[in-house]
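There are two complexes below, and they share chain A, which is joined by chain B in the first and by chain C in the second.
Then we have the complex of A and B:
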């Protein structure tokens, strides 16, 4: 009887897992191992032989400032992510109070994260073009002398991209926080009110501790997001004028310059950084479970 | 009293300011999509068009941009990408959550590993494989990536299964149901909310994806909605009034989805972020 049951179980497990695992290992796991293998070669993606070069790709990337300085651009997206958190949190708390037109504002704030990166990029390419809508807005409020080539001038282009990133992604953080704020127990507010807490004290002592976990998770997601930004600069500037990001550089090295070996070691490096961040994330989860 | 007025002024002021920041670029795009070439060049973006019934740009964008083909290809990707994700995600989660077997830990680790490496970056390793398997420049290339290498759905289903009591399964077994029946008649129907989340998140992700189709489907007849616009902009740099219409056309399906399923989308985004 028992063996009959386990036999059936095994059949089921095999039957249900075969196709999914085949797909997972072919298109998920195999590429990761391929990346690791390529990263020790000078392969160009075409030739049948891969020449092993040891760690020289890694040494090249980690010692040549050309490859590393693009990490500074990640810093801009990281700061953009931080601003995004502040804006999203502000509105999540604000919309948890009595507000007229709450649903309208909620919908407005979330809507941009449903638009494709392509549409967003093209929309802002038009918006920030010389003589475009943004320039005419500046003209209208008397700041004509401040107009410049927003998507070309190396001094401002990264900030423009950072702004577009905030425009697009704040809705996602907002809806996360909004849900979390709703989950803060009502008694905590009442208690704070009895104690005569001010609005700011309520935010600091009741709401922020109540949504701590969501904040931390979101913070890590944004860090990973900042490291893996590449769609916006790819479509808007193609990485020119100092807008290169590490991921975009990796893709260009592989698919344009055909230096798969070098690109693979970049991919491994950025993956390791993300792995480290994820490990911290898991530690936070564990800390929460222990509480 | 004055303090109260100040506070609500600040409150609504900030809400309206952010709404303005979000809407302003979209509104100028909307105005622009109805303008003629001369009107577009000679008027500021924020000036409304004289003729809101001028649909010429939309017709041109739809025809010259071959957007129907883009929509067809995207629809096929959605059909198989979303459907495949639901089937695979629920099956894998059912097995992992309900049974104990030898390589369970290894499999969970494999899923974790795949979810850590950004999908775009692992394409450096996938690219040659697609060529070897003959999937390059076919619709199958994005589909297998959406269901094989994007593993979000497994996590969403695992979370949902955790909340379905195991007594359900036991009761069904006592009534003589096979495991397959339990999955299809008991578990899968109970997973409906998770299925809705997976379907929505995958729909948004696949519809909006640009890089994977761009990388694997360069063929003229293989454009999706996103790559259609990218390739349409190339040779038509000066016709921004037509491009505006094309961008707006591409946004329509997501707009409809959003207005129909707003509540579920809010829940879905939350579920998709916290694993």
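Then we have the complex of A and C:
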């Protein structure tokens, strides 16, 4: 009787698990291995023949300066992300004190990340278009000679994109930090106050150490975000004028140039890079905590 | 070290109609350990906030060594605080935690080291200086917090329920240690707690607060033996004081509407309602001699050297203390003698103890 019941139970569990597991394997696990397999071929995505080419895809990506440029672009997004952390942190701390109109400022910060990436991109395409709002603004304050093709000039376009990225993502970091700052025990502030700490000392000695876990997590997210920037350059410049990012390049290689094999190896590389960076950061952070 | 004067200190929060603290008058002498005790919401924490400068006074004044601290920044008030949850910074070692304030004030490395070593030695923390607070026990953490307060050599130590996060045994140890520390440093301390036993064992003087107002100030024995009103009598002492309703008569008192006890002189106003309060040690179970009432034994708490007997007479329940072994068991009817010499009489309306007026 008992074993019968357990058998039935097992069957039931099996039934429930079958569909999710099938989906997981078909769309989650199998593609990873397929991708690794493709990365060693020169497959074009359609042809039934997949010619094995060994490591030549990888060698090409890691030696050709055209393909390496994307890493430099990632660096710009990384720096933008860093600035974003500083801004978000500053306002999170500021808005944790008694400020008038606190909720208004909080809403203002968070608002940009509620808009869809597409809408943001459209908005800024207008804003930065020649003779657009930004140029008018510059004219207004007498900087007419500094206007340029913000979204066309290869010398500035990446910085423009970085700026938009800051505007768009600061809200997310802000929410994280704001929550974290609220969690620092009130007594720690009181202690610092009695001992005579200045504003900066309170930030440095109490708040920053108190929210270090959130800072670390945000740093990892930022690194991954910088490597996988995609929608902004796609919509605003379509990767032209040196605004190609790693993911955008991968997609274009696969679906426009029909070089699936090459694109697959790019995907493998970016996954490995992200994995490595996360592992390194984990290690560093762990060391700090065990101290 | 310093003396502290509270001069009609009052605080009312903007959002609240009633006072969190009202007309708080107190003179704390140099080197005294004052324990402020009261139930939650009595204004204890407000008092500390006011002294530290996290809140501003609504009226009145606080003086340390004769100087008003009202307009001073918290850091200039020369007070040190020990928090209930210790408030140790988790990322700093014990050494750095103790040195925290001195580093902020940019004292020289040599001075810092000297002071930390001195405090660590006094509190037996020497072997933990390089450890982070996470690895310490509750008692050790509290000692670190004490050390951090000590190295400042403040005019006034403030302690906000420092023992309430510790288990019972540690609490005993720590309260002794704080007391010892107080004597060694000859420090002026203001210690806030809701635990009346802590208050009784540690204080030079106890301040009893309720609803923002001082109920009584006095030494532990004064507070216990001469409670000024019903609140103090009930708040201090475990088991809590037993109460009987009573009325004044021509010849003495009428207990629980039916037992008349004749007294030598008339203590109570005739036909006025009172509550008679007696500590458990002044209620005795007797077999012969003068008997005031017979009660049913509800429960016996055996505590070793003594036992607490919970008794019921009609609607009135009360507690007696007996020493040695108790021969009675639950449900027994026992004869009770009340030690009326030690009784407190509280006016039903004003809740004040009228005994002081009589004697």
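Some observations on this one:
Note that in this section the second predicted complex is superposed on the first by the 265 of 291 C-alpha atoms of A that agree within 3 Å, B and C clash if a C-alpha of one lies under 4 Å from a C-alpha of the other, contacts with A are read in each partner's own complex, and residues count from 1 in each chain.
Operating definition for what follows: a contact is a pair of C-beta atoms (placed from the backbone, for glycine too) under 8 Å apart; a residue touches a chain by one contact, two chains touch by 3 or more.
Owing to the predicted nature of the structure, the values given are computational and were not obtained by experimental measurement.
Overlay on chain A: chain B and chain C fit together in the combined arrangement.
By the document's definition of touching, of the two partners only chain C reaches A:194; chain B does not.
Rounded to the nearest 10, the angle at the Cα centre of chain A between the centres of chain B and chain C is 80 degrees. In the superposed model, A:118 makes contact with chain B only, not with chain C. In the superposed model, A:24 makes contact with chain B only, not with chain C. Of the two partner chains placed by the overlay, only chain C lies in contact with A:212; chain B stays clear of it. The wider contact with chain A, measured as residues touched, comes from B rather than the other of chain B and chain C. In the superposition on chain A, contact is made by A:185 with chain C only, not with chain B. Put simply, the nearest alpha carbons of chain B and chain C end up 14 Å apart when the two models share chain A.
Interface residues of chain A facing chain B in the complex, by the touch rule stated above, are 8-10, 12-13, 16-17, 19-21, 23-35, 38, 45, 87, 90-91, 94-95, 97, 99-100, 105-119, 122-124, 126-127, 129, 132-133, 136-137, 140, 167, 172, 175-176, 178-179, 214, 217-218, 221, 224, 228, 230-231, 234-235, 247, 250-251, 254-255, 260, 263-264, 267, 270-271, 274-275, 278.
On chain A, the positions that touch chain C within their shared complex are 185, 187-188, 190-197, 201, 205-206, 209, 212, 291. The residues of chain B lying in touch with chain A in their complex are 11-12, 14-15, 18-19, 21-26, 28-29, 32, 44-46, 88, 91-92, 94-95, 99, 101, 107, 110-111, 113-114, 116-118, 120-129, 144-145, 147-149, 151, 178-180, 183, 204, 207-211, 215, 225-227, 229-230, 233, 240, 243-244, 247, 250-251, 254-255, 257-258, 262, 265-267, 269-270, 273-274. Within the complex, the chain C residues that touch chain A are 52-54, 73-77, 79-81, 83-85, 87, 89-92, 100-101, 104-105, 132, 152.
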